[in-house]
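Below you'll find a set of structures to go through.
You will see subunit A twice below: alongside subunit B first, and alongside subunit C after that.
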Partner chain A sequence: MEEQLEPNEMIIHLGPQHPMQPGPFRLNLRLKGETVVDADIELGFIHKGIEKILENKTYLQGITIVDRICYLVALVNEECFVGCTEKLLGIEPPERSQYIRVILDELTRIQSHLLGMGEFGEFIGFVSMFMYTIREREEVLSLIDMITGARVTHSYLKFGGVRDDLPDGFKEKAIPVLNNLKKSVGDFEEMFHTDRIFRERTVGVGVLTADVAKNLGVSGPVLRATGVPFDIRKNEPYLIYKDLDFRVCTETAGDCFARVQVRLNEIRESIYILEQCLDQLPSGPLFPENTYYGRRTPVMRVPAGEVFHRVEDPRGEMGMYMISDGSDKPYRVKIRGPHYPTLQALPPLIIGTTVADVAAISGSMDGCTSEADR
Partner chain B sequence: MAIVIPESIIPLIPWIRGIIGLLLIGIIFIGAMGAVWLERKLSADIQTRMGPCRVGKYGLLQLVADAIKLFTKEDLKPLNADSLLFNNANIFMLGSVFLMLVALPVGAVFINGVEYPLAVTQMDISVLYIEAVSALSIFGIFMVAYGSNNKYSLLGAFRNFARMVGYEVPLGITVISVAAMTGSLNIVDISSAQGLHWNIFLQPIGCFVFFVSLMADMGRLPFDQNESEEELIAGWITEYCGMRFGLGFFAEYIHMILGSFLVALLFLGGWNLPGFIANNSVLGLIAPTGFLLIKATFVLLVIIGLRWAVPRFRIDQVVDLSWKKLLPLALLNLVWAVGLGLYLGA
Partner chain C sequence: MDVTEILKSLTDTFPEVISEATAESEIRTRAYVDRKKAKEVCQYLKDSLQFDHLCSVCGVDYIKRNEFEVVYHIASYDHPVVLALKAKLPRENPQIESIVSVYWNANWYERETYELFGIIFKNHPNLKPLILPEDMLGEWPLRKDYKGFPNKTARNLV
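So, the complex of A and B:
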């Protein structure tokens, strides 16, 4: 980039430490005045080597490691890892466990979307938005805390089930929170739709087309905002999603406004799913009966084989490809996170826009660099 | 309880006025600290937080604690910074704000029915003077940006220039409309003339344009593109720390307070309240200044509240807004004001 620099241009680096970033990555911008002429992205500042670590840990220990891929969506990562292992083991958790897992997945989705929206508000200069959403998120985190005993990294899922049952009075605690959240989401939507400055900053900014998104492998709300109804929960249902009633939220515009709108609608759908789950929650054991899988699964050997399992992360498609050689540790785990492809869509989108839009577009992607780097 | 004021005090009034004015200017400094506290509390209220509440009652001493922190911080300077500009820019900015204080009346005292404004000086072109020196702070910002040798700062300063060029024009035109209608460039005359008809009712468009332009002039959100911490970290002030940052911060708040006074004086009737006639009682002496303070505080609250309630414009949208929307409105207002002035004058 340095070589192409013309006399009236300059390069600025957004990052690796910069207020607009969800985690350290570097965005090199070639600027002509305020306009971005060229952009490229450098990843790797927060590489943790999780795939390699997983090879050296037993399957049970791996659960705590995948929590750390992205702290926001720890439970979904666990779901993916445990789902892979269960496929290899050939077991399926009983219905009650599946319901509890779905409840946790959806709560995770809600809190992740809330944080993402709040950060986005902050990136376009609306600092109060962050406070509004973080307050709602706190309630949701408390619900997760009730079930798992932790707010961020849970280690809650076990092979064939979940560690603990739902606590007493969970439904009674959850219903008011969800109702409250429904109202808040309505408020946020009204705010986004009526605020002229917000609309000016987001409508038509950072338009991603469906073709480009598909070619880059973008998934999740960013893809659905371009009009592609792709959602793993519908297209390749896991757990009990096939029995639940929900719709895939799409928008057609593909701009920042559409992405935020998709997230708002998804929070509503998640609340609807949660209500169904809480109503239909069957009783029964947490682990498959007559097996030795349970709360205290011992160190176990997993049959040799290769398996791919994917789940719908709040940010898109989270997949893991696991190879087992029959020992107590996975031979290889390849993680396909949703945010790495989404980040690749960032440079083409920001070329031609201004510096202020870089923050808006990057924020509307709702990224997690930690997960892109792994 | 009327106070008998001897006639012999009249020749001393310019001196007394000057002393009181200076005292009030000192109070404005405390007011700036109050504004910081107010902003923190109000923003906390808007965001459903508590705000400062540990240091002193209701967190009132928080700013003292902050000042101690700023004073004791290490004075860091970037290696390639231009010392002359870097060291003096914020002092220059604070100085340019002080210059505004010189001509700005912060109240008035009525003695035997005669009005004596509380200002350090009385000049016939005080409105023009205030406008002129308030635009000086832009040079301070550019000194900071150029001196600190930082690309973010430079971008912030560019934005500041683009914005300033756009907004000084409607700001000036609305001030001219007010002056044309009143027939004077003296801010005291403009304020006194609004005994019954406040300019906000006579020129609502002018008031709106003036307020928006003033917000842009002061660089408050939604017009703080020069700082915009999300993309430019802190814009022009990125490289500053400790008390150097504190000076700029202080200048910004004093500018804000003086801006509120300006709105109150030019459009909200100054120290007048319809139906109130000052006599020689204690109330009569204090009330006009009190009215002005209340009005200015109200404007200040609006300015502070707006910051936390709206997102930020992009710089091209800001410039668009100024040239395509505010400038035509300001010109329309000028025609209206001149017509109204002729009609009222006749």
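So, the complex of A and C:
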């Protein structure tokens, strides 16, 4: 980058540690005045080698490891890993377990979107937004805490089911939280729509069109904000999503404002899904009957084979490619995180914008470097 | 578009390139591809069969068979079928043509596969390490005969 530097150009490194970043990565910006001429990303500051670690752990230990891919969406990562293994084992969890898993997935989606919106507000100088959303997120985390006993890394899913049943009185505790949240989401929306500074910082900034977004390979709210209704929960339903009623939230503008709007609408849809689940929750066993699953199994061998399983992460398409050679450890696990292609698409998006907009565009992606590095 | 239609179109167009094409279920299918023609097959998939979304590119080390596999998971924004396209590479001097000109987001996946397995992607625009430190280049940590895990890795980073 340095060699072709012209007299009125300079290079600025954003990161590896910078307040506008969701995790450590380095953004090298070549500037001409205030305009970004060239951009380049360096990764690897929190590379954990999770794919290698998983090859050296049994499947049961692997559940604990995949929690750490991204601490915000630990339950969705678990869902993907456990779903892969269940497909190889040829089992399916009973209906009650599936409902509990969907409840947890949607609670995870709500808290991740709330934190993402708060951080985005903070990046563009709307710091009180972070206070508002983190307060609501705390209530949602308490609900997850009630079920799993942990706030961030849970290790709650098990092959063929879930570790524990829902606690007594969960529905009675959850309904007021959800009702409160509905009101807050309306407040946030009103705040975003009426704040002139927020609108000027986001409307028309970082615009992606549907064709460009597809070509860049992005997914999740960033893609849905361009009008493409791509959602794994609809396209390729897993668990009981095919029985539930919800819509895929899309916007057409494709700018930072539309991405925030998609997240707001998705929180509403998640609340709607949660209400359905709490109403319809069937009774029954947590693990398939007449099997060993759910009891203490020190060594579990998985039949040889390979599987590619996708779930809808709050940030997009999460996939895992798992190969088993018939032993008690996976032969190879490839983790395809949703933020990896989105982060890769950041340089083409910020070239030609001003430095001030870099934080807005990067923040509206709702990133997680931990998951891109693994 | 369903699985049998896709497989038929693929095997009819590339009869000598595609082998062992099998449908695992209604939405999952896999096929082996000759490594010299992987890019052409990807181009055909993107242009003619609506496979416009590259999920991932990864390497697998089959040390007992003395070969690598590069696995392309190619999906679509329109239909739910995911095709696992695999290319076999010898363990000595593994090389394959890069598909960055077909799928833009293959760039980082191929860089990652290069630094973890030592698989060279020819005509890649920027083939250098992505997530590993530069002084680990040449150790190929995800190969099955890598002895440095976890001690050597930890020592390098301290």
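The rule is simple: the second predicted complex is superposed on the first by the 371 of 374 C-alpha atoms of A that agree within 3 Å, B and C clash if a C-alpha of one lies under 4 Å from a C-alpha of the other, contacts with A are read in each partner's own complex, and residues count from 1 in each chain.
Keep this in mind: a residue touches a chain if its C-beta (ideal position, glycine included) is under 8 Å from a C-beta of that chain, and two chains touch if they have at least 3 such contacts.
Just so you know, these numbers come straight off a predicted model, no measurement behind them.
Residue contacts after overlaying the shared chain place A:131 against subunit B, while subunit C stays out of touching range. In the superposition on chain A, A:122 contacts subunit B only, with no contact to subunit C. In the superposition on chain A, A:201 contacts subunit B only, with no contact to subunit C.
After overlaying the two complexes on the shared chain, residue contacts for A:34 are found with subunit B alone; subunit C is out of touch. Shared-chain residue A:25: touches no atom of subunit B or subunit C. When both complexes are aligned on chain A by C-alpha atoms, no subunit A residue touches subunit B in the first and subunit C in the second. Interface residues of subunit A facing subunit B in the complex, by the touch rule stated above, are 10, 12, 14, 18-20, 31, 33-34, 121-128, 131-132, 135, 195, 197-198, 200-201, 354-359, 363. Per the touch definition, subunit C reaches subunit A in the complex via residues 27-28, 52-56, 58, 60-61, 71, 73, 77, 80, 82, 84, 103-105, 107-108, 116, 129-133, 141-142, 149, 153. Subunit A meets subunit C in the complex at residues 43-44, 47, 49, 51-52, 56, 214-217, 219, 228, 230, 235-236, 306-308, 310, 317, 319, 321, 323, 331-332, 334, 336, 340-341, 344-345, 373-374.
Residues of subunit B that touch subunit A in their complex: 43, 46-49, 151-152, 155, 158-159, 221-222, 224-225, 228-233, 308-317.
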